[in-house]
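One chain, chain A, appears in both complexes that follow, with chain B as partner in the first and chain C in the second.
Showing the complex of A and B:
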C-alpha cells in the first residue's frame, strides 16, 4: 500500500468530480438504471445518469473488458489466395466508475489468466490497458448475497488492483490513487481534494471491521472448503445432490466475473464473408466437454458440478494464479435456478468433511 | 453500442424478462434482469442463448424459390401468382406460437381480408391448446392464471409434472423458492424426473393414468365413491392411501396451487380435472385454490385472440380448418399453404414434410432461419427474427408484455407485416397495416379485450392487462363429447373397442395394468396390448397375455390381451399411448379443433384368437 496516495473528497463534491470525468476523451462506464429498474454498468454521458447508491450489478463490469461476445476478426474471401482478415478497431479508452472491490479482485484474476500467463491475449490486453478503474468501496456488504469477506483476500475495500478508489467514511470520501492512470483522474479533481488524515484511514478500517462483524450474509468459509477439496476428501455424494438441483443453465459461470472459458464460432451469412467471434462458454453445460467422436466425458450435471468446484476451489488454482476462483460477489446465488450458489456448495463440501470425521 | 432493450424470452410460456444490447457489428449481448418479477435474474439454458438466436449462421438471408436465392420482387411475384390461381377456401395460413400479437394480426388480416380464407391456425395450439381448453371447460370461463411468482404465497403446491424443471425451468425455480418459504410439495407423475425427489409426497401412478389419479383425488376430496382401483388402474394399492394423505394436506392448506405444464399435456383431461379440483376447493374456501398452467409457447393465447385460430362459427365466416386438419396426411381441402416461423418436419417428420409439399400446389414459408421447411418450400421469405422487431406477447396471466427491437433485420430479412403488405399490394390491397401504430389502432378497434390497451404503455414496459370481461368465452364440441354416441355392434364385430375418450373424463389413458415391465415390453418390442373383461376372454378362448387379432372396419392388428375385471362386458380397451395401433384400429380419429387434440370414437371390433 506504500505508493497509494490518499485524499479526502467532501461528499457534496462527488457529483462535481464525476461530471469532470466527461472532460476526458475516455468513455465513462458507470452503474445506471435500465428500463425495468435494473442497475447495469453502461456508457453514460453525464453525472446525472450515474447511480452510485446501488448494491452491485447482476452483470459484472468486467464484461466491459471481456464482453460475453466479441469479434476476433472479420474475413472476406478473395478470388484468389487467402481471405482478407480485418481486425476489429482498437478499443477506445474507458473509465469504469463505481466498480466494487469484488470485481476489482476479479480483474486481477483475469489479468493473471489473460496477460500474465504466456502468451498474452491481445484482445484482453488491449482493452485492459485502455481501462481505468475507479472503484467504489462498500461501507458494509451491499447486498444480502455478498460474501467477499469470507473469501480469502477479499474485503469491503480493495487493497490493490484499482486506479482510484472511493470509500465513503463518516460522510466524506477517502480517495485513494494507486497508479498513473489514477493520477490522471486525480489531476482533474485537484481543487476538490485535500490530503487524507490518519484518522479517516483508521476510521475506514474500523468501519470495515465493524461491518464484517455485523454481517448477516451467506457464509462460504472458502478457506475451509478449499482445504477439503485440495485434500480430495469430499464425500462424492454431495456432487449428486448438487447435480440433482443443477439445471445446467450455465448462468453461474456466465455471470461469474472470474470465469474465463470461451468458445470460438464463425457467424457468416454467405460463403464469402463473416466474422469470427468468441463467446463465453460454461463448464456447466452438457456439451462443454463433447469430443470430436461425440463422447462427452462429463455428461452428468453432478460431474460438472464437481469439476466447477474443483476448479474454483482447488489449491492448484491458487498455485497457478495466487488467487482463488471466487471473489464472493454472490452473482451465482442470484442467478441459480436450483438455488445452489457458491456458499451452498462450500457448505456441502464442509459438511461432507464433518460426516467423514464422525 | 445500443441502449438496453427489454425483451421477453420467446422459448416458453414462463416469459422470463431479459435485455438485449447491440454492441457492434454482429455482436449482441444478453443481460438477465433481476428487476423482472418472473425471472429475477435467473434464466434457463434456452434463455441464456437468446443473443445467439439473433445473429447466427443459420439465418435465412434472402428470398428463395425452390431453395435458390432470388431477388425480392421475383419472390413476391411468384407468391402472388400462385395465390391468385387458388380459390380462397383452398388456402391456409399456419403460424408458429412465438409470433407477436402484431405479426399475428397482420397474418390474420392477410388471411381474412386479403385472401378471404378462414383456414388460419397456430402451432401454439398444438402445444397449449388442450390445456387452455381443458381449463376453460371446467372453469366455465376464459382461463387466466396467476403470475408465476404467486407460487411463493401458496402453502401447498400440487405439481403434475416431475420434469417441470425441464419443461418450464423458471416455474421449477419458483416451486423451489416456495418450498424454501415453507410451502409443501406434492408431485403426481408416472415416473420421477427430478421434482419427485424434492416432494413431501410423491405419488407415482401407473403409466398414463394422470387423469384417472386426479379424478380419484377429486372424488376423495368430494367424499364421493372412489374409482375402483382395478378398473382405474391408478398404480400400486398404496396410491389410494397417498391420495388420502394428499387430500388431507389440501384440506388443511390455506392456499393451494395446482401446477401443470401444457407442453406435457396433449389432451385436455388433466387440465379439466385440475380445474375441477380447484373449483371444488374454492367452493368450500373461496379463492384458496388456483391452477397455474404454464404454456409451452409464449403467445398461444394472443394468437388465438388475434384470429389465428379456426373460428367456431360466431363470426360471419364459416369455421376454418384447424392445424391438425390442415396437416393431416389425408387432407384434400388445401392446395396453398403459408407457414410462418415453424419447422414442419418437427411435427411431420422428414417424409411427412415431403409428402405435404407434394400434396400442395404451393407452399410459401416465412422464417428467420434456414430450415428443412424453407428448403422444401416453393417460395421462402426471410423474416425479421427475435430482437429485430418489436411487439407484444399475451401471457396466460392476462398481461401483455413487450419485446423491443435491438437491431435492424439482418441481410434481406423484413418484418412480417411488411412482407405481407407487399403480397397484398400485388393482389390489389394497398392499405395493409404495416406500422405498429396502425396495427394497434386496428387491434384496439377489432379485438375483444384489447380495446383499451395503449401502445405507449406497452412500449414503456408499463404493466398492461387485458380486459377479460370482454373476451369471448369459447366453448365447443367438448360439451357434447362427454356423452359418446353408442356404437352399433354387429354379429361380425360384436365388441366395442374404445380408446381414451369416454363418458368419464378420467378414462382417457389410464387403465393400463400397472406393471412397468409390461409397458417396457410394449414399448421395446413394439407389441401392442388391449384389455378385456375376463369372461369375454373366456368366451373368445383368449388366454391372458397371449395374442389375439382385433379387427375393425379400418384395419386389424395382433395384440396381447390382458384381463381386467372392471371392464364391462362387450368392451375392449386399447390404452392410448399405442399410437400405431390406435391409428390402425380406430382410424386417425376426430380432431377437436378447439382443443387441437385428437379423439378417437369407439368402433365395433371382432376378436380372433391366435
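Showing the complex of A and C:
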C-alpha cells in the first residue's frame, strides 16, 4: 500500500490506547476469552474484556461483516394491496480490534467478490464501509495449523487491507496506519505514539523471516495444486478419496473466512408477518445444488470436494477475483472430521501428479 | 447495487392459465407504474413471501412493459412453485429483475433461426419467438421445433396453433408418446427425429435450444450434423439461481455463475466450462 505511516506505541500503553477506542461511537469488536478458554470475537465495552494474547479464534471475525444470518427485509402481508416490505436499518459503525493478517487477507477476497465484481452486494458493502480494521500481526505462527506463508501475499503481518496494524516487536508495538479510517483511530492515540525508527521496521522483518524458517506447520504448497487443478489434470481417484473421507458436514466452508455462498430463506413469525434472511451456506452439503425438480447436479461428496477445491484454487477463479480462495488460516484443518483440510487436499493433488508422471 | 436491490417489486396476479396438469402460466402485473423492460432470455426472481424466491424465465413479449408472464411447473420439492400454484388472481407476489444475459437477438439479424424447445423449455424461448416475429424482416427463415412427452404435456397450445398456421415461422411439433385416446394426429418420436427432413443452411443458421438437459447432447449432434457451428448454438442453462446476481453460489458450473455469466451460453462456451 502506497502510504503507510508508522509509529511506535510502548507496550505498557496498549491498554490505554484500547480504552480510548470507546470514546468513538463505533461498536468495538475484539477477541475475548470464553469461560472454557476459547477465543471469541464479540462486542466489548471495556479494554479489560479484550484478550490480545491469543492464537486465532475458531470463528473468524469476518462474521462481523458477513454474519452467519442477516435480515434482508421484514414483511407484513395485508388484507388488501401489496405487502409492506421494510429494509433493516443501515449498519452502525464498528471497529474490529485484533483481527489476524489471514482474516484481513480474507476480507480483501470478500471485497473483490462482493464489491468489485459487479453487481456489488449492497448488504455487504454497507457493512464493510462502516468497518474499521485494527489488525494484530502474528509474531510467529500462532497455531500449529497456520499456513498463511504458503498463500498468496500471506505473511505474519499484513501488507495491505488493514486500517491500523499493531505488530509486537521487541517489546513495543509498531503501529501502522494505512487509511483515513485508520487516521481517525490514530488521532485518539496522538500523545501515546512516537515516530517509528528504521530499526523497529527492520526488526519486524527479521522476526518474520526467522519465524518462517523455524516454522513447523503444514506445508500446503498451493502453487503446485493450483496448476494441477486448473489444468483439470487431477486424477479423479483423488476426488473420490477426498469425497470418501468427507462427512459433508460443511464445517470447512462455514469456518472459511473466504467462503461467500449463502442461502435465502423466509422465516414466518405468523401467518402474515416474517423476515427474509440470508444465511451462510456450504457447497459441501448434499443439497446445495438441489433444483426444484429434486435434481442435484453435484450429488456426490467427491464432486463437491472437487468443485470446492476448484473454486478456491484455480486460475479460472483467480481471473474473476484476482485472489486465490485460501488465506492459510487453518480452520478447515481444525474442524475437519475426515482430515481433509486444505493442506491435505493439496498434498493429495500433488501426489496425483507424481503418480501420473511416472 | 443498493442494499434495497434484494427487495422485490410488488406485482399482482392478473391471470392464471392452466397449461397442463402440473403447469400454470401466470400474468404478473406491476403496480408501481415503472415500466419493466427486459430482453428475451432474461429471467426474474419471483417471491412468494413466506415460501421464498425462485427464478423463472420471462415467457411474455418484451414489447409489453406493464406485465410479464411466467410458466410454473409444480414440483413436490419446489416451495415457491407450489406456493404460486396455490395463489389466486388478485394476490400479490414479488419480482426482482430482469436478471442474467439475454439471447443476443440483434447479432442474429440476417440469419436463419432454428429454435429447439423441449417440454417446459418453450416458455424460455417464447419471448424470443415473439420478438423475432415482431421484427420478422430482420431475420431469414425461422423454424421452431417443439417436443413434449405426450400431447397433454404441451404448453402454450394456443400459440403453437397460431404459429403452425403462420407464414412467418415454420412450426413443427412432436411427442415422445401419443396419447391413448388417439386424438393426436401429429408426429410421434423424439425431437431429434424432426431434424432429418429439415432443410437447413447450417453455416447461415443460429440455433436457440432450451429443454431438459438430457436432450442437449442429442440436439447438439443433430445441429452439428446440419453444419451449425458450436459458436452459433445458444442454450439457456438451468440451475437453482437463488440470488440471481452472482453471489449466493448455488448455480455455479465450473467457474461460471449461471445467473450472472448466463443463463444464455453458446455451446462453444459450454465446452470450456470446467465441469462436471
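Simple rule for what comes next: the second predicted complex is superposed on the first by the 356 of 358 C-alpha atoms of A that agree within 3 Å, B and C clash if a C-alpha of one lies under 4 Å from a C-alpha of the other, contacts with A are read in each partner's own complex, and residues count from 1 in each chain.
By our rule, contacts are C-beta pairs under 8 Å (C-beta built on N, C-alpha and C of every residue); 3 or more make two chains touch, one makes a residue touch a chain.
In this text, all values refer to a predicted model and were calculated from it rather than measured experimentally.
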Three-chain arrangement built on chain A, chain B and chain C clash or fit: fit
Three-chain overlay, vertex chain A: chain B-chain C angle, C-alpha, nearest 10 degrees: 80
Contacts of A:206 with chain B and chain C, given as first, second, both or neither: neither
Partner chain in contact with A:233 - chain B first, chain C second, else both or neither: neither
Chain B versus chain C as contact partner of A:268, first or second or both or neither: both
Contacts of A:277 with chain B and chain C, given as first, second, both or neither: first
Chain B versus chain C as contact partner of A:67, first or second or both or neither: first
Touched partner set for A:75, first chain B, second chain C, both or neither: second
Contacts of A:322 with chain B and chain C, given as first, second, both or neither: neither
Which of chain B and chain C A:48 touches, first, second, both or neither: neither
Least Cα gap, in Å, left between chain B and chain C after the two complexes are fitted on chain A: 8
Residues of chain A that lie at the interface with chain B and also at the interface with chain C: 266, 268, 274
Interface residues, chain A side, partner chain C - complex: 72-73, 75, 77, 81-83, 85, 87, 90, 113-114, 117-123, 125-126, 232, 260-266, 268, 274, 276, 278, 281, 283, 288-294, 297-298, 303, 307, 310-311, 314, 316-317, 319-320
Complex interface listing, chain B residues touching chain A: 1, 4, 6, 17, 19, 23-36, 40-45, 47-48, 51-52, 55-57, 59, 61, 165, 169-170, 172-173, 176-177, 180, 194, 197, 410-411, 460-461
Chain C to chain A touching residues, read off their complex: 1-8, 10, 12, 31, 47, 49-54, 73, 75-78, 80-81, 92, 94, 238-240, 242-243, 245-255, 274-276
Parts of chain A lying in touch with chain B, wherever the complex brings them together: 34-38, 40, 42-43, 58-59, 63, 67-71, 74, 88, 244-245, 247-251, 254-255, 266-270, 274-275, 277, 279, 285, 334-339
